[in-house]
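Before any comments, here is the structure.
Think of it as A, B, C and D in the order they're written, each chain with its own count starting at 1.
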């Protein structure tokens, strides 16, 4: 009997790949068996990652010694695969893997497919059941996706507020770290002493993904939420951590105190199940007037990088509106960590078998 | 007969002082006669500025050789004084100067006094007449103020949009440069690789100053505008240039094209009078998806730092809302430049004499 | 019987104080009993640190609940005190503490006193015996100092090279992080997009401290080393971690391979004694052409921040010279960590009692 | 008769290309006729530069309207060509242009060819005569190169010191801006909050180019200087401006005062001829302890970016050694500006005709 689930990573040498490697290196339930990449096939992982690996983390030798493989799903026997592929590669390869085994992806390629769940484990775990629809594709496995890094932080905070106060409108302005663009990503000439008020397709993703994430399962489809959202996305010279300042309007009266309480007390299935990667608090509320701050709060909480830190909860323009600021770690909660937590939930809940 | 108006600067050695010095050094109408500061009285300006002068600009020797004076308005014979004092010093000293001669200030101390104009020359020049009310204070001079740096950039863009589409609501998120906090200002430990979502009193200033700036003169008072404004202010690691991303809701239908046209064609008295510090276009509209950018656009236009650059004009959530991003140079249009332009207008219009 | 030594910190709320707090919070041998500071006397530590505490680390409540005390050595019963006071305060207060109990300081005030040891535990542990000379001052305690943050990183690498190849000349150029200047320290306006080729007194400290650190105990005095050193110190926009690029000339022939071996194999008493804060390797040698890098390597090694990372070991101009680059964490190995390691050694070796 | 020389630029859309465009836009002697690039052939220059043009400078419409051409020297009738091509393209294309007309290049491809001059106009103008040797290649034109950006700043300062004090040894440590790596160049993930102690081939270039630049024409070859040089090159998070801290040893006794005088009084042919791009002072000496600084001094002097700013002139280790720091603008004096000045000198001196 296997002690741990055997897993692989598609796109292992990239920036999000590095977070997967770090989080899987000592994972109690998963054992990394395959690292798949394109340009470094045949190399040891320790060499393959050179040049792209702009982190201080050094994997253990059992990972460093893995040989990078090409994407050949039929030859790779694992319990499941993680994917953090670039969009085009994801488009091509993820169905090939999902055809054979459970595949969990950060990539944007299939997020909006009607039969593909877009999961934040604390928010919409019940969307898992969409995977049954995928049997119609003739797949033996299935594909589950995680949202865009900016959508995740936002939705973690919208969920409890929407549940309690019914949100009608969201105006959100983001200040996103350069790691969100991958490597080499944003040239230093473009961002030192600068802010760029544009990230391709990001505002659209925030809008459309939120409707799906906060949507309701009705039968075997998701009925989208119908919240007004105006997103304005900016790249700023920070390394990790996406800050988002949010203005909401609600149907019910809302006070900063009530909002803080709703955010602070929010928990989900991962917390109930005490999953290994579940932070004790999905949302940490800070009272100081000048928090969250990117560098100080991006690793806050019991599982570094998995909590969304909220602060500056204050009145909007009247008693049906509110302002607040959130910070979430874009490559952990915003990517690798969210997906690993999703898989932990699937495993514990018994959803890995179709 | 004097060829040029003789002027002085209160707070000459500070960060905004440096911009005044630069802009007055070769000004066709003004001659700098007095530099007033507190801790360096008696020193030559060239020495007084050391340590605080974090700019590459080096004043001409006729300014460098000026002896720094204490604040003694009765001994200082000038046509007018500029003030960029810290708030507390402004509170104490500006009335002493205004008692004697025309005083134009960037400081926040008296901005919201009912009889003190809060001027952006292109926006609310008619507010000048408030100064007549100040004769009731027994002053021979008067006090005119300029708005907060963040308010200025915002209001330059709100004005033409409000005139044409009648704005009901504004949600604005700012990304402000460190020079806005003066010197020493923001510690480097606080801002490298970081965003701080808090600037003391800034959001309140944006709200309240806007009501006054966009208010209407009725008799001898200003009737405030009554626009809903939710501001969210952030400090980011840039040196100069405040970026603001704005969401507005309007009474009339609005399209991005109409909005762009209203912004692009906006002109004011300074442009009509061709004042020396008036930019040809108070607002420059960029079409590229990724502009304005802080480092690339802060000096745009015919008078560097005096134009507000607007871009990313796009739909809000429906046809009564709009999103856009603006950039304005916080120590030029946002402080020294705006005040110098105000004085130029007062001079040319003959408002300097009560 | 006390299970742990009771210790206090002078200057607990500063930037280096924060590292002491973090490193002492779970220390197996020490228990923090007193936090001493000047402007926050009577406040709980959790409140006292606000504003200055630009780190993500949050102390446990037994430390956060400590009441900040004034410097009153006669009322404070502890086994020893750490000091990270500013120079002037150190000058006044450290003798008052040393008069009563063992005091270990990062401050520069007494480093060059002939009877005060200047210790890097791996380098010159035998200098401890100087403290006996301090009985002549009529002290019941004693004072031990640690070197400047730049000197520490440099000397850790010079020691093994000097032992084996006899160094005649050192030319060192440093690129130092802003945390080295404390808080508020370097204004952001002074360092964003900038390098400052000057740090007050730093080059002199590197020179003179090195002569003492690498000097030999002869009887009851230290005979200084007599190495030529030309230091050139720069402040760069990094948060933590001092990089130093070093050129040395040696009496004996030297090759990069031999130098790497000497550095890699270097160990000291802390490693022999397996002290809690001793890194497994005082020096980590990297082979890649582009390492060490500040952000990637400052926490390298078994005790984060305690190892000096060396790379780019290459020929100088001939076979009696060498170039290399080192990185050391300025507030850990360069301050708090080095002193804690010193105390661990004193304790284990039985040198705490005069 | 043509009023101005007609010139072209090879590699016009790159980072150095942008400086050429800016400096040639209003040049009194040159008229830009051809912009040559690879991936944007057939596009208007205004469109071709998009994406790569990370500068606030906007060319006049007569340049913006130029159609980007492929490299077809035989079809392009001009008086001379500038080249700022990438190395590989330079290797291939520069000889094709030099075969036909005078070609002046920043690229490294042919710098060390024995018959190709490597010119800094103030330092080694007499090396121009090497071009006669190129007739042996059967060229009707010729090829003149400019040194690496780091070599230029260094050599401008070494020249007067070597002339007066005879330099034996140089240890130089550089802190280089990201613009030196072109666009996209250094990824932001690699340099934010970081220093990289490695720039490929840079240290070797500094060494070998200096021997040629400071070498002497003997007959029709250059006899290299034979100075010991140990260079240590670093990339730091600054946008423009290379700082270099230098330690030298000299045959003759040297004092900081004498060194300052030698540097301050240094002039060359460009100053004598009052060439349009010649700075009044090739070297500006600052007396303050904390200058030069990258952001404050990179545009110092009468022609912005063309002067090398020197400061911190202080004793080395004895009276035959010296330390100092220099700053030079890497894309102006270090590339485009130096080459334009070279061409101005060639033109005025009548060296453009073989």
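Operating definition for what follows: a residue touches a chain if its C-beta (ideal position, glycine included) is under 8 Å from a C-beta of that chain, and two chains touch if they have at least 3 such contacts.
Fair warning: this is a prediction, and the values are worked out from it, not measured in the lab.
A.B. asks: Half is the threshold here, strictly exceeded: which of A-C, B-D or A-B has more than half of its contact pairs identical to C-D by residue number?
C.D. replies: Checking each pair in A-C, B-D or A-B, only one repeats C-D, namely A-B.
A.B. asks: So using the touch definition from the top, which pair is joined by more C-beta contacts, A-B or B-C?
C.D. replies: Contact tally favours A-B.
A.B. asks: Using Cα averages as centroids, what's the distance between chain A and chain B in whole Å?
C.D. replies: For chain A versus chain B, the centre distance works out to 42 Å.
A.B. asks: In whole angstrom, how far does the Cα centroid of chain B sit from the Cα centroid of chain C?
C.D. replies: Centres of chain B and chain C (C-alpha means) sit 47 Å apart.
A.B. asks: Counting only residues that touch at least two other chains, what does the list for chain D look like?
C.D. replies: Touching at least two other chains: 54, 192-193, 237-239, 295-296.
A.B. asks: Show which residues of chain D lie in contact with chain C when the two form their complex.
C.D. replies: Contact set of chain D toward chain C: 169, 171, 173, 175, 192-198, 228-230, 232, 234, 236-239, 243, 245, 247, 289-296, 311-312, 316-318, 321, 323, 325.
A.B. asks: Using the touch rule from the top, collect the residues of chain A that touch chain C in their complex.
C.D. replies: Counting only chain A, the residues touching chain C are 50, 54-56, 192-193, 239, 288, 295-300.
A.B. asks: Flag every residue of chain D that touches chain A in the complex, lowest number first.
C.D. replies: For this pair, the touching residues of chain D are 15, 54, 178-179, 183-193, 237-239.
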